[in-house]
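One chain, chain A, links the two complexes that follow: it is found with chain B in the first and with chain C in the second.
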Partner chain A sequence: MPAIEPSLPVAKTKAVAGHAAKERRAAWVLTAPALTLMVIVLLAPVIIAGLLSFTNYSLGNSGFDWVGTRNYEKLFTRATYEKMFLATLTYVVTVVPVSVGLGLGTALLINSLGRFREIYKTIYFLPVMATLLAMAIAWEFMLHPSIGMVNRTLEMGCGTFLEQIWPFMADGCADRFPVWLGDKRYAIWVICFIGVWQGFGFNMVLYLAGLTSVHRELYHAAEMDGAKSAWERFRLVTWPALGPTTVFVVTITCIRAFQVFDTIEAFWPQGGGPNKSTYVMMFAIFEKGIQQNLIGVGSAITMLFLAFVMFLTLIQRWLVERKVHYK
Partner chain B sequence: MTRDWWKHLILILGVIVVLAPFYMMVSYSFKSPGEIDRGEGGFFGQQQLMVDERCVKLRDPDRNDIAAAADRFPGQSDSTIRDALAAEATAECSMRPVVFNYTKAFTEAPLLRYLLNGVIVTASIFLIQVVVALPAAYALAKLKFWGRDAVFGLVLFCLLIPVHAIALPLYIMLAKLGLTNTYAALVVPWTISVFGIFLMRQFFMTVPDDLIDAARMDGMGEFAIVWRVMLPTAIPALLAFAIFSIVAHWNDYFWPRIVVTGNRDLFTPPLGLREFKGDGDGSFFGPMMAAATVIVTPLIVAFLVAQKRFIEGITLNGMK
Partner chain C sequence: MAGLSIENITKRFGETEVLKGVSLDIADGEFVSLVGPSGCGKSTLLRIIAGLEEQCTGDIQIGGHSVAGRRAADRNLSMVFQSYALYPHLSVGENIAVPLRMRRMKGLQRLPLIGGFLPGARAVAGGIGRDVTLAAEMLEIGHLLDRKPGQLSGGQRQRVALGRALVREPAAFLLDEPLSNLDAKLRVQTRAEIAQLHRRLAATFIYVTHDQVEAMTMSDRIAVMMGGRILQCAPPDAVYEDPDWIEVAEFIGSPKINILPLEILSNGRLSLLDHALNLAVIDGSRGVASLGLRPEALRLTGGDSPIRGRVAHSENLGSELFVQIEVSGLEERVTLRAIPEQRKALALGTPVALDFDTDNALVFDADGARMRGLRHLNAATSEVA
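Up next is the complex of A and B:
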């Protein structure tokens, strides 16, 4: 913004000053609705959750007691919450690298093709668009132990060489194939799989956009410097050039992964899966806070959740801001 | 092309996994319960006439029906009339599986109502988001005022807070106000889109100041400038934001699940589908998959028609 020229005549400066006051007023009127809503809808709840996490409040009770950090202590001592952290962590630590890796892999493959690029791109993006709850129900049928497509397909492998080389197959054929959603050994992995299935297309599209910005000349330069193999070119040119995309993709996938809920509620409306093996944080907030009206504990989980998500976003911003600035 | 065969092989395997649940969902919505059970019938099923047992049961002739039908079958015994009526019922309750599945989807639960609710909720959310965010974005981008940096700082801070994460305190606030189980509860938490403000501000920064100065010369107030000068320039960005917002809220399940309890009139499509699942026994796979297909289809079709815009809109986040 250019500053007001000092050589302006006095009358004009006054007019400008009058205009500035008007502009100021207009600006506050224009931002007022947004500001009000930001405070009521976003900031106030964070503060309320923070306060309630130190109480034993329940909806419908007239009063409440301050209980200090007891709610937080529960989170770190009870077995249920240990399972909660384990499930959330397993999910995030699995889904983030796998869906980012698959996203990058498919983007590189598609980018190197001459034909059919658009078709692959469209198909891989479909799960991102589809209502996750509906697709969760479809997956539930696919994974049905007796009539589901997954086990039927696996049964076709019985009696073939697969039985010899793959112990899982041999066991399945001898006895029966897993019940997937009812088995605590598989439940969380099924949830992870659906998370990857749904999300990697999103990452792929972001990577494809990132790849278009890698300059051709860079590859030539790398080749001249002796980077002959495809792997060398990837390591020296593509990967560094995709840095900003990767930072963004990893953060957004992390934040989404923390929020997994739909599939779990669809498969196990109560209790968070066999032996609570899929009892993730979002589901815990829902179950404790809303269904069981234990608002203190629910708020404590909410605060931890917010802390995780904010921490991640701040790391991302710090990484990004070393490159670009918003002004 | 021939050199790339292995790439196509990998990608096609991926395509099979990605499409499998869609294939199954649509295929089951065509098939009869028997075909689903036995895994027969290919993609479309045999489409042989099937009898809707529930419908037959409802029409099971009792004494009054037989008496009423007596003059249609003169001189026949009650049991013959009864058999004839039952045969009629069976004939009238027979239909092709695809018709059965889709009619059941719309009659067992008020699916149309759910779809309408989905449209009402997503449309109101988007409109309010624009009405709130656009003026603020304009002020932050183009007006000089004391506190502007503070307000923008607040926007950047609020970007850190995912609304789903603060669902519990929001729910308590709404419950205290007696607003749970209302359209307001479904819409209010989403009325402020800090992301929208941020996005539109970045866009408005690129609009030349001359355009605004010219409008001021013409005697336009700031309010008129927002809606009559800035809005038209922002159409492409707004369209992308619209897709982003509509896809997110049509598909959202978590928030409606929390604030709408039991009142079917307010169910959004995902909630309706969930209830459908709760009700159904095994024989209801077909109708349920029909309902799922109906709910998923609008966005998928829109996506296939306007792919580029959709991908732009959904990945908007990438501009952060």
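Up next is the complex of A and C:
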């Protein structure tokens, strides 16, 4: 609003004020549909879940009691939930760096190729496009302890030099190879492996897109400035240029890692793997909220989940604005 | 600082031959411009000198030593790129320091965080800091050292790129169209500054440009390149006044030189638009030729003249006037440089006759090569003919 000068006649001042009010009303009318939708679809469910997390509500019950923070207390005291946090943390801490690193590595390799680029891109991207549930079934067959491809292949190494240099092989040949999906020592790592296998192709594509924005002349400048090794050029040019991509890739991968569910549901429909070693948050929400109809506890885990994801998103926003846009 | 010698460089990209045997000797401390239209191979030649591109045949010597097979980083040359190619994540000071860090520090000392604690790193870093400050002061960008390139104007970025090039003492500076991203006013100013910088550093400069004005105003010598060859390499005034090829004459000079068709008569005399000139060839060549006349070589005349026409367009630049004249029998208009006092006599549509001094006439043969050693006939002979 421009400042109204004192010499202006009163009528004109009124007209200006009236016009501004009209404009304000129009603005509200125009944003109303979007605002309504946002409240109904996004905000209201979150608020409701937040409220429900302080109750003992079950679907079908006519009423509920407020239980205060008891649901949250459970989350932080019971051993089951300790396992939940451990499994989720293990998965996130393993899958995020490995799939980001692999994604970057393959993107750099593919980018350096002259020919066959498209073929490699397609190959690595295939697992991303596949339905994870169907892939989980395929993996279940492959990981079968006696007839699965994985253990069969390992058995071929028995009697060779591998037995001498690799204790795992020696143990497997002497006794038997692991029951991958039934052993609590291996189950979470199998899930991590499948998560990486399925996810890094997506990161690769994002990095490939990021690499196209690296100015070629910068590499020449780096060479003229005396950066002789590929590592120096990567540190001086490629890595900084990929900063915004990396922040995005890490955030997206983190959120996806927190969301892991399909494989666990496909492998162990009845409860989070051997000795609950793969009892991740998403599965816990599903089990408590849907299977056992404990909406209160399910909502509490959901709120916690939301807090994690929100925290990650905020870090990303901060990083993008402060660190990697170089302004 | 060192001189450079380029010997018979050829370069092909697949089927296309970009450089067809280029040779050039550049003395220590000389400022040589490679100028030519886009696609003539000048940038490729510069990149071959830099070592960013490899020649197919030929050799390059820097300071008397061949650099064949030596990579760009080891040739001790500095380059300023057209896009400036500044590292966007580093501040101005860090950008300028990069070439020194890469050369003076060991790999471990360059590592972030721990690098600074390694033995000797402090001393090296201090030396680098002093050199960066010196370079920045020379270019008057000392107050910008903490900014990121994204916060700078085009002219400032250009200075940072120059600073990064001159912070160490390379054998030669290579500049690849460094002014083409600047606006016209800044370009004129920076042009003068680069020329001054060259005088101050007394270093060897190789400057690539498509802008003949830049080449004319800054260089000790201009190498005019066309179609993968250097057609002529000479000081600016020689290239302008005494071109070897018609392409050179056409490329250098603004407005463009007037090219008129000539006929060589049986007695060797030259004839322009059916008027015999007081010029004759001394060798026995016959047929057609071309006459090059700079706009300032033409003058208005009242008398008999082969070049007659009407004023079709005129551009008044204040201090001078460029008048385009439609000459009967010629497809292209002839440009005349006039002084503002003549403006009245050159209104649109006015019939004019143009004369010139045969001393200023540049004659080229049918292939475009300059014909020198013409015989000047005196006026009396011309009457007889």
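Just so we're on the same page, the second predicted complex is superposed on the first by the 283 of 327 C-alpha atoms of A that agree within 3 Å, B and C clash if a C-alpha of one lies under 4 Å from a C-alpha of the other, contacts with A are read in each partner's own complex, and residues count from 1 in each chain.
Keep in mind that, in the parts below, a contact is a pair of C-beta atoms (placed from the backbone, for glycine too) under 8 Å apart; a residue touches a chain by one contact, two chains touch by 3 or more.
Nothing here was measured: the structure is a model prediction, and the numbers come from that model.
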| item | value |
| --- | --- |
| Combined model on chain A where chain B meets chain C, clash or fit | fit |
| Which of chain B and chain C A:Ala307 touches, first, second, both or neither | neither |
| First (chain B), second (chain C), both or neither touched by A:Ala230 | neither |
| Partner chain(s) touched by A:His215 [first = chain B, second = chain C, both, neither] | second |
| Which of chain B and chain C A:Pro240 touches, first, second, both or neither | second |
| Which superposed partner A:Leu89 touches (first chain B, second chain C, both, neither) | neither |
| Touched partner set for A:Leu30, first chain B, second chain C, both or neither | first |
| First (chain B), second (chain C), both or neither touched by A:Phe125 | first |
| Minimum C-alpha spacing, chains overlaid - chain B and chain C, in Å | 18 |
| Shared contact residues on chain A - chain B and chain C | 326 |
| Residue ranges of chain A in contact with chain C within the complex | 215, 217-218, 220-228, 232, 236-237, 240-241, 243, 324, 326-327 |
| Residue ranges of chain C in contact with chain A within the complex | 47, 50-52, 71-74, 77-79, 81-83, 85-90, 98-99, 102-103, 148-151, 164 |
| In the complex with chain A, residue positions of chain B that touch it | 1, 4, 7-8, 10-11, 14-15, 17-22, 24-25, 28, 36-37, 39, 131-133, 135-136, 138-140, 143-148, 151, 154-156, 158-173, 175, 188-189, 191-192, 194, 197, 202, 221-223, 226, 247, 250-251, 253-254, 257-258, 269-270, 273-274, 277-278, 285, 288-289, 292, 295-296, 299-300, 303-304, 307, 310-311, 314-315, 317-318, 320 |
| Chain A residues touching chain B - in the complex, by the definition given at the top | 1, 20, 23-24, 26-31, 33-35, 37-38, 41-46, 48-49, 52, 59, 106, 109-110, 112-116, 118, 120-135, 137-139, 141-142, 147, 149, 152, 197, 201-202, 205-206, 209, 245, 248, 252, 255, 259, 261-262, 265-266, 269, 282, 285-286, 289-290, 295, 298-299, 302, 305-306, 309-310, 313-314, 320, 326 |
